[in-house]
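Down below are the structures I want you to see.
Both complexes shown next keep chain A, but they swap its partner, so chain B is in the first and chain C is in the second.
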Partner chain A sequence: MERRTLLGGTITAAVLGLTFGLTSAAFAQQPPIKIGMSMAQTGGLAGGGKASQLGIEVWRDDVNARGGLLGRKVELIVYDDKSSASETPAIYSKLLDVDKVDILFAPYATVPTAPLMPLVKQRGMLLMGNFSFQVNSKVGHDMWFNNAPWGPADSWASSFLDLGQKAGGKTIALLAADQEFAQNLAKTAREVATKLGMKIVFDQAYPPSTVEFSGILRALKAAKPDIVYVASYPPDSAGILRGVNEIGIGDNVKLFGGGMVGLQFGAVMENLGSLLNGVVNYNTWLPEPSMYHEGTKAFFETYTKRAVEAKVDPLGYYLAPYGYASGQMIEQAIKAVGSLDQKALAKYLRENTHKTIVGPITFAADGEWKESGVVQAQFRGIADKNMEQFRSSGKQVVLFPDKMKSGTLVTPFEAARK
Partner chain B sequence: MFSFELLLDAVVIGVLLGCFYAAVSLGLSISFGLLDVPHVAHPAFLVLAAYAVFFLNEHYGIDPLVAGLLITPLFFLFGLLAYRLYYETFEKRGSDAGVRGIAFFFGIAFIIEVLIILQFGVDQRSVTATYVGKAWRIGDMRIPFRLIVAFMVAAALTILLTLYLSRTFMGRAIRAVAQDQEALRLMGADPIRIKQWAFGIATAVLGITGALLIIVAPVEPTLDRTYIGRTFCVVVMAGLGSMSGTLVAAIILGIAETIVLTLFGASWAPAISFAMLLGVLAVRPQGLFGRRS
Partner chain C sequence: MKRNGVFFWVGAAVFLIAIALMTKLITNEYPFFAGYVILQFIVLAVAWSILGGHAGYVNFGTSAFFGMGVYTAVFLFKVAGAPLLVQIAAAAAVGALMGFALGLLTLRMQGIFFSIATIALTIVIETSITNWRYVGGAAGIQLQRPPVTWPFSGYVQMLFFVQAVLVVLAVVVSRYIQNSWIGRGLQALRDDELAAECTGVPTLRLKVLACVVSGALMCAAGAPAAMYLQYADPSSAFNLNYSVSTLAMSLIGGTAHWAGPIVGAILLGTTQQLLTVTISSEVNVLVLGVMLVLFVVAAPEGLIGLLRRVRDKRREGKQ
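Take a look at the complex of A and B:
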């Protein structure tokens, strides 16, 4: 009996060892599946870009630990686009022609993504978008899928202006950066305001190089709006909030914020501290119980550890889980299709609901989420220079959508700031 | 919408913003204006100083202005070294040194940017001080304290540099080297040592103006790109090497930018600034306060 057990154990160990050895050898011999992208590693968008990249890298390591895809290792090829739109077309040409990547992920944000849409469409490549806004609306590429939860174009502005109207707002001021993303937001806000019968009393675009916002804010204040909708990029968002704190914005303002990029990043939030109080702004993920799904907790545990070494956003709520979700969606598509055929992958992504750490994702015909997953939340009780406070729930009270609501709007804005 | 109240407000903020632009341009007025060094890394040095101030403020709680003063001697030494390196590798070698010098300083700027990213990451950084985030209220007008600080520092720096360049032996030597390097050499002076000293002073000034940079707005590693156009615009518009001219040109630029931002539409602001520069150069090629050569 002992001899048989010993023999059986030896055979099992040998078979296992052989199988493992063969699998490892196959894994090592097969060329990797290359996923190519550019990412803002320097420049104004780098804070978000690096966090997003870390999210994708965490997925890459997870999928490789599970044995890769189609028996092949997954490799990321990433170039720095310096947050610049002028860099991305050349980078993506190189990814396709020199690096010969199998799958393309878009760079973070609208501005660097917009100029490469015609190229990707012409080359018939699937493109997994990364937090750009309405870049496919005019191009109409049928293999575009945005990982961002924006949903229908007007849902972002609608959610904010609805809150303003319920608070008694009748007039609106629009302040937007003179850039693709912010201008797209401002355009939809104008349309929604008109639909809701609101009067636009101030409509200003500012150049991205603006250093001082006191003058613009003074003019905005003079227009006496009830609602102030701001569409800004990270470097400007801090300048605008600082200016609001110093110049004031007027007692009649009921709602301030809406589309300020940057107020989702740990370092910016820590720097601004109490200046954030009262601002109602969009977000994509917050540490509220309703936003946890299968794998979310484990992802953030890994991300938090690696963010310290990588010197990126220690919170990583805004972009990182969506970077991971991009990988999950591609993983599910490749496994289901069993090949890297771009059209077949696109068909699968378009026709199915995908299970991710940010919840189930279903795409509409234009490649945006069928239903918006954006939340509008109000900053409350924020103290200065304290990063850890943002890890607990209640610091950003969710006002929209109703199914995730965790509190009610405090208004007017000046009262909410106290 | 136009109102005299808004116009007055725009002028006041414009003067203060202009003083800030002057402060960050004064060093360049020496290095480029007087010494003819194509110092395109000037804004990168400025951002480096801002990060040094951030480090002292964040880790030791030192007031940003005091931190700026503390790093000034270090930046003086840094300036001496940077010029010596530039001279030995480029300026000494011939007439096309200016063009190749631009490549040298661009390289330095990129190295600084990468070092900042490696050390501090890519996120925005800001400082805390009692005068950051508060405003002085005069009637309906509110003036941010941080801009008042910029105004005072710019005024003090302009006066000190003007006095230094006109009243001291070394200052007069710097002006002499700017006018005729060969004549100075014939008189037995070493123009290279004088230029090195002047470059050291131009870089030392960045210690305190780097503090202003991070007081006025948060900084990030690539912020130098925002300032490269503005600082060169101020120095060229002023007339190369004029300290008081730098202040006046910067104030004109600040007022023009703020009025356009406030009253006519923000998108036009950068275009108006550079249109003014072209206008000045068309009428007075030597700049507002430059001497006709």
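Take a look at the complex of A and C:
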């Protein structure tokens, strides 16, 4: 090679390198878009919190692989709120005043979220909710958007009682844990039952630490209800199903379940196995053909791989896709608005329908879904100790809503159990 | 007044002035949110050590008193929109009554039996509140703060200052008890209750008094928490974490001197706040556990005890 060519080549390479270096430096100098949140990583809500966080992390990696937002990388700042309400005000103040985050996501569940609502309202910040229940009803923050498909407060109970009524049910028994979420469900169930003209023949709250349900179940059985609406938490859900298995529930019962938390988590489902058969319970996502949308399959492929490393719920149907959907909604809003202006983002989220992996989402004025996306599904043909069975369709048949229906109800409950 | 006393009162005044200046000079709200929690734990730890330290009666019911303070405030706010000071004063009165009842009912039990009874108290009260729909019941209750009172610029700043005043109040009471006949009587019954009784120390009266004072302060510390969180639910308000942390703070700081719980609460409270926003995972629970074990093994009398031992050894060395 001639000396001049070599010199020319070197200079060109140097200039190119310098230009490239400068551009990439300029790109790198762009600060990331910070999304701040607290999440239950320890304490009672940790199982759900971690799965939800993994869903959001999968979205972050996807969006960064696509080049980020507004030419900036997306970064998550997450602190542990220990599942407690008393931790979140300080954490969110740190996120806002010290970390100076651009967007806020709410922690998983109602209790840690409740103390934040006045704070974000006062600061004029948008808050993407994460599976809390009616947390904005008293505060009335117009920049709150819940990712959970609850919809109007009573839609949950009405979907279940509607099924019961269609199956010929006239009387109802309520069994609810003495805890925030379960009591909210029981309250709406009472209202809906009255509206539908159903008679409440049994209404019992039990302390959250109850492990032995045979006494309560015997009393319930004696009331001979047609429908049994249960609002329980994971440990008691298991206790109640074990009790039902031992002493039965009576031939009258056409529909059993409704609001049992825990029957959505892989480990609990694997543990209960065949005891689940016949139970009709709420859910948010199930591997039924009607519930797949654009990106859903790809999401679960990534989630399933990463869940093993992260040691979280291997199925992750309940919360994780909704964490991803929160990210998708904020992504669409930022892209459409072209800035991080909170008011403009909130206006966009309020006025448009958003395409997500859990289906299209439209918000009502209170920041909840305009139309409920909660499904009621019946467990069928479940075998003991087998996690993988829950990945195939037909194990949880969707009965409600009609547009997602994948089967019909098997009644009475005692027959469906077999 | 003795030199020690002058130092104490000057120190307390300087502390309050510094807190007041902070609320004026610092615009970032985070230090107030985090600082409030630390101050709240100082009051709880100091109050706990009045019974737990001086009298040696280990009370696991801190969360019962704290939660009762929270719910007294919630009730008064809901019923009459009572201002913060009324909420705190009423909570103190309720706490004193609760302490009196607890004292009468349980102080005839000693050692571990008393401790178990205090755990039962938490459960009984939590269950009652859970079933009381007027204050939100199991679902909890959201509260809207009233406008802030002059001269404060924000509600959190005001709560921070109010909690600081409670700290001073608690420390003054605890120091007075330690240095007066009450403290000497309590120490006597801690060492040997029977011997104290025989030498004319009115043990039951003293224990009930300690219970009343300790309960009033704990409840008062809980009252502002309702407005701090603007939300109350039984599982958070009666969280056993308050009992465990308070106990750990007093033990780590040392219960033999009124300053022990303050040192413990500052150390542990700050560590907890820092860990929450740094490591922030299961590890922070582990770090606290390890800290507690280390202190129990290496400094059974707490930091104050450790300092005393070091000072005594130095003196011996000089002689």
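What we mean here is this: the second predicted complex is superposed on the first by the 392 of 418 C-alpha atoms of A that agree within 3 Å, B and C clash if a C-alpha of one lies under 4 Å from a C-alpha of the other, contacts with A are read in each partner's own complex, and residues count from 1 in each chain.
Methods note: a residue touches a chain if its C-beta (ideal position, glycine included) is under 8 Å from a C-beta of that chain, and two chains touch if they have at least 3 such contacts.
From a predicted model like this one, the values you see are computed outputs, not experimental measurements.
Please determine, from the superposition on chain A, whether chain B and chain C clash or fit.
Result for chain B and chain C: clash.
After superposition on the shared chain, which partner residues are touched by A:I56: those of chain B (first), chain C (second), both, or neither?
After superposing on A, A:I56 lies clear of both chain B and chain C.
Between chain B and chain C, whom does A:V253 touch in the aligned arrangement: first, second, both, or neither?
neither
Which chain makes contact with more of the residues of chain A, chain B or else chain C?
More residues of chain A are touched by B.
After the superposition on A, what does A:Q41 contact: first (chain B), second (chain C), both or neither?
A:Q41: touches chain B and chain C.
Tell me the contact category for A:D178 with respect to chain B and chain C: first, second, both or neither.
Both chain B and chain C are touched by A:D178.
Looking at A:L127, would you say it contacts chain B, chain C, both, or neither? Reply first, second, both or neither.
So A:L127 meets neither chain B nor chain C here.
Using the superposition on chain A described above, determine whether A:N271 touches chain B (first), chain C (second), both, or neither.
In the superposition, A:N271 touches chain B alone.
So, A:A416: does it touch chain B (first), chain C (second), both, or neither?
Once the two structures are laid over each other on A, A:A416 reaches no partner at all.
Considering only touches as defined above, state whether A:S214 meets chain B (first), chain C (second), both or neither.
first
Identify which of the listed stretches of chain C (73-81, 199-207 or 289-297) has C-alpha atoms clashing with chain B after the superposition.
289-297
Indicate the residue numbers of chain A shared between its chain B interface and its chain C interface, in ascending order.
Common interface on chain A, chain B vs chain C: 41-42, 82, 178, 205, 207.
Mind pulling up the chain A residues that touch chain B in the complex?
Interface residues on the chain A side: 41-44, 46-47, 49-50, 82-83, 178, 204-207, 209-212, 214-216, 218-219, 222-223, 234-235, 238-239, 242-243, 245-248, 262, 265-268, 271, 275, 311-313, 384-385.
Within their complex, state which residues of chain C touch chain A.
28-30, 32-34, 36-37, 127, 130-131, 137-140, 142, 144-145, 156, 225, 228-231, 233, 235-236, 239, 241, 273, 276-277, 280-282, 284-285
Show which residues of chain B lie in contact with chain A when the two form their complex.
1, 3, 5-6, 9-10, 13-14, 17, 20, 113, 117, 120-126, 128, 133-135, 142, 144-145, 147, 216-218, 220-223, 226, 258-259, 261-263, 265-267, 269-270
Mind listing the chain A positions that touch chain C in their complex?
For this pair, the touching residues of chain A are 41-42, 78-80, 82, 84-87, 89-91, 93-94, 96-98, 110-111, 114-115, 117-119, 135, 138-139, 177-180, 182-184, 187, 205, 207.
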